[in-house]
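In the two complexes that follow, subunit A is the common piece, with subunit B as its partner first and subunit C second.
Right, the complex of A and B next:
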């Protein structure tokens, strides 16, 4: 286990080595939050609430959704694809560890770095500029933290899946890009799931995406009732378990017919 | 002595699709592709004993890298048996890779953006090396490779020679009984090469480390290995002592003469080798001719005497036929005429 924790530390150091990325990240996230704040204010206009959410809940939703994204979002899929394309995966396979678990830990290291140096300070700045409602209930914070861990896991698993598909497609930049758009849209980052038409909500109940952003954000803004929260977290746990299956399967097949590219 | 590596009828085939020509062909490729099965490694068998240092050589595309990748458990063989250190590399991967060290000359296994010592620290955790063992063993490795001052620098700031020494140290961090080196000296200067060779010899002497080395630089092989395995088109074409390679194919000596007068011709020189069973070849500069003769005292002195008496010479060198020439001959002519 020590090696996996060490990997988190290494990733932390790597993030520190490239500080400029981090500053530009803060800027981009602030612009996004600002843009969505004004957009939603315009949509709400004089209306008190839409689909059971007040304007204040909505702006909090937008802000927390983006800040949570800083934690669960990473480019591990692109990294895996690149390692496979350049044949660097060979070096990873001569190490006595589980490659996919190691990648997950790297993602976690990146997430913790962004959460502490990016989301927290960012949240303070955003709350000074825009009105945002923070819950005073510690249970809400705890549940939010729990569901955030699961949202990280679901997103990570989808990343691993798209990443290792490179073994079969050799070049899957298109797939990775498509995945990113799908996640931003269907996870509830851009639009809460409850705003989708009823049939689309039905469909999305059978997909893992809302476990990534919609669930933790709704918990944070206290827009979910108690039974809804339990249902939502269970939904996340079930998807984490289900996604293990295709990842292991594809990984095994890939190892069997692996072609290390480039000599 | 026990066998460290046992390979029997090892085979690896790759499916490669061939593209049809032209626009019409490209459209047809969208729906059906033509596959060709190419054997990269073609039923090879060999064994390596514990403590041996073996040179594994062959031209580009001869199947060296592919077979190394099967020996290290990265690739699954199409057929055949591989036992390395008593294990099946592919099936027992995590357990197996603890017992090997690998250096890929063309690909770094250190983390690019962080200091070398951080990479070492991670590897120490990965291989579960206890603190005292690490201090003793790595202290020695760091000292012999002279990388102490490099440890706090990020890998991307190191020169190739510095990086390579760090890579080697990283591969030996857990003191593996078996070391695979895939072109470890590619692009390095003479001093670094010498240092690495010295170090490998020392490791082999102290820990009885088995080394399998692939390289295009035959001087590495000459300096380190007693035995060579030579591959061509996926097949082993020679497996034996380096010395017997020299005595079987490189019996003669080359005497290089530089003549004072321009325009010395082969016809003029030919009679001088009469009854001595030799041949003249032109040298790489003007007025330079090389006599290829048997490696016997009286022949060499006879040739030098006759030539010096007949022509004015300004320079004279006696060469042994190099391993490189021998290997080139083997590839060009095949093994049979040895």
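Right, the complex of A and C next:
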């Protein structure tokens, strides 16, 4: 266990050394939030609420969705693909740790770094520029934190999955790019899942994506009722458990037929 | 003349290298299509809940988006020099460029071109045809020429902003982080400027004139006469900004000192 915690610490320190790179990131996220802020206000126009959300809830939703993304988003899928392509993965496999778990810990170290140096200051800056509703209820914050952990896990698992698919496709930069775009839409980052047509919502209930962004953002903006929150967090937990299965399976198959290109 | 010949030689070489890795190219075009589809779906979903955004209908917004894709694709094919600082200044590649008897910016455009991005021209045109046919737009015989002119204007706007930021690297190292920011600000131009407040509208018109890539020129084809002045300004703004960016580039090149060895 100690070595995994050490991994979190090392990645955190590594990110800390390059922290200036992140100041522009905050600005970029703020620019994006700004674009959606104006767009949503224009969409709401005179309307008081759409799908049970007020304009203020919607702008808060957009802001928290982007700032939460800074926490759960990472490039572990690309890193894995790179290590597989360069043959480094062969060395990783003989080291005395579980490769996938180690990658998850690195992602967590990165996430904790971004949470403290990106999301928190970013949220403060954004709330100074745009009106954002913060809940005064500590239970909301607690539930938000819990669901954020699961959203990190689901996103991480999908990253691991796309990363280890490199074993079979050799070059999957396109797949990784496409995955990112699809997740932005289907996770509810761009707009809440409740804005999708009913049939699409039905389909989405059978996919893990809304556990990434929609659930924590809806909890944060208090757009979910109590039973809905319980249902949503259970949804996340179930998906975290389900996703372990394909990852382990593909991982086992991949290890057996590993081809190291020039390693 | 020499420049045109060179361009085709480079383009031919480029096609050869890309066609060696055909699947890569198809996947790249596929993922571009995917992100265009996501933006398109976003507009459709939003209009499931409203009929008008600040006086613009669903199909008008879609048309603006379709128009935006065309200059953006041409820009992406030739002026996508976001990594100029890393690639040419930090690594000293600029030395090699400067020893050759061709204008330095033109060489970089040739070296950095990504012709597959031009596929966006087709997508954009298809989106405009879709929206245009639903809006019953009428086209005069000269409109295709106006289209070409406005598209070129929009492309120059994008190109000049990126060339300007690239030229900053001749004086300082910082612009690496400004470049990605420009892509995000550029997205503001995809939507009608009247949804923004006055400051942002002013910036998008006169300082970082991204509104001339989407809404202003598109307003001409949508018959929005209140925006005609801006629509016709598109080529002028494009040309003025582009000439200014070339001027800054040329000044910057004289300040270039090379990188170490």
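By our rule, the second predicted complex is superposed on the first by the 261 of 263 C-alpha atoms of A that agree within 3 Å, B and C clash if a C-alpha of one lies under 4 Å from a C-alpha of the other, contacts with A are read in each partner's own complex, and residues count from 1 in each chain.
To be clear about the criterion, contacts are C-beta pairs under 8 Å (C-beta built on N, C-alpha and C of every residue); 3 or more make two chains touch, one makes a residue touch a chain.
Not measured: the values here are computed from a predicted model.
Chemist: For the overlay on subunit A, clash or fit between subunit B and subunit C?
Modeler: Taken together on subunit A, subunit C would fit alongside subunit B, as the superposition shows.
Chemist: Look at A:93 in the shared chain and tell me whether it touches subunit B only, subunit C only, both, or neither; answer first, second, both or neither.
Modeler: Only subunit B is touched by A:93; subunit C is not.
Chemist: To the nearest 10 degrees, give me the subunit B-subunit A-subunit C angle using C-alpha centres.
Modeler: 90
Chemist: Touching A:27, do we find subunit B (first), subunit C (second), both, or neither?
Modeler: Once the two structures are laid over each other on A, A:27 reaches subunit C alone.
Chemist: In the superposed arrangement, which partner chain does A:231 touch: subunit B (first), subunit C (second), both, or neither?
Modeler: In the superposition, A:231 touches no partner, neither subunit B nor subunit C.
Chemist: After the superposition on A, what does A:19 contact: first (subunit B), second (subunit C), both or neither?
Modeler: After superposing on A, A:19 lies clear of both subunit B and subunit C.
Chemist: So, A:50: does it touch subunit B (first), subunit C (second), both, or neither?
Modeler: second
Chemist: Between subunit B and subunit C, once the two complexes are placed on the common chain, what is the minimum CA to CA distance in Å?
Modeler: Minimum over all C-alpha pairs: 10 Å.
Chemist: Across the two complexes, what residues of subunit A are contacted by subunit B and by subunit C?
Modeler: Dual-contact residues (subunit A): none.
Chemist: Please output the residues of subunit A touching subunit C within their complex, sorted ascending.
Modeler: 21, 23-24, 27-28, 31-32, 34-35, 38-39, 41-43, 45, 47, 50-51, 171, 173-175, 177-178, 181-182, 184-185, 190-191, 195-197
Chemist: Give the list of subunit B residues in touch with subunit A in this complex.
Modeler: 14, 65, 69, 72-76, 93-95, 97-98, 100, 102, 104, 106-109, 111, 113-114, 118, 121-122, 125-128, 154
Chemist: Quick check on the complex: what are the subunit C residues that touch subunit A?
Modeler: Within the complex, subunit C contacts subunit A at residues 23-24, 27-28, 30-31, 34-35, 38, 41-42, 45-46, 48-50, 52-54, 177-178, 180-181, 184-185, 187-188, 191, 195-197, 200.
Chemist: Subunit B touches which residues of subunit A in the complex?
Modeler: Checking each residue of subunit A against subunit B gives 2-3, 6-7, 10, 13-14, 17-18, 86-88, 90-91, 93-98, 255-260, 263.
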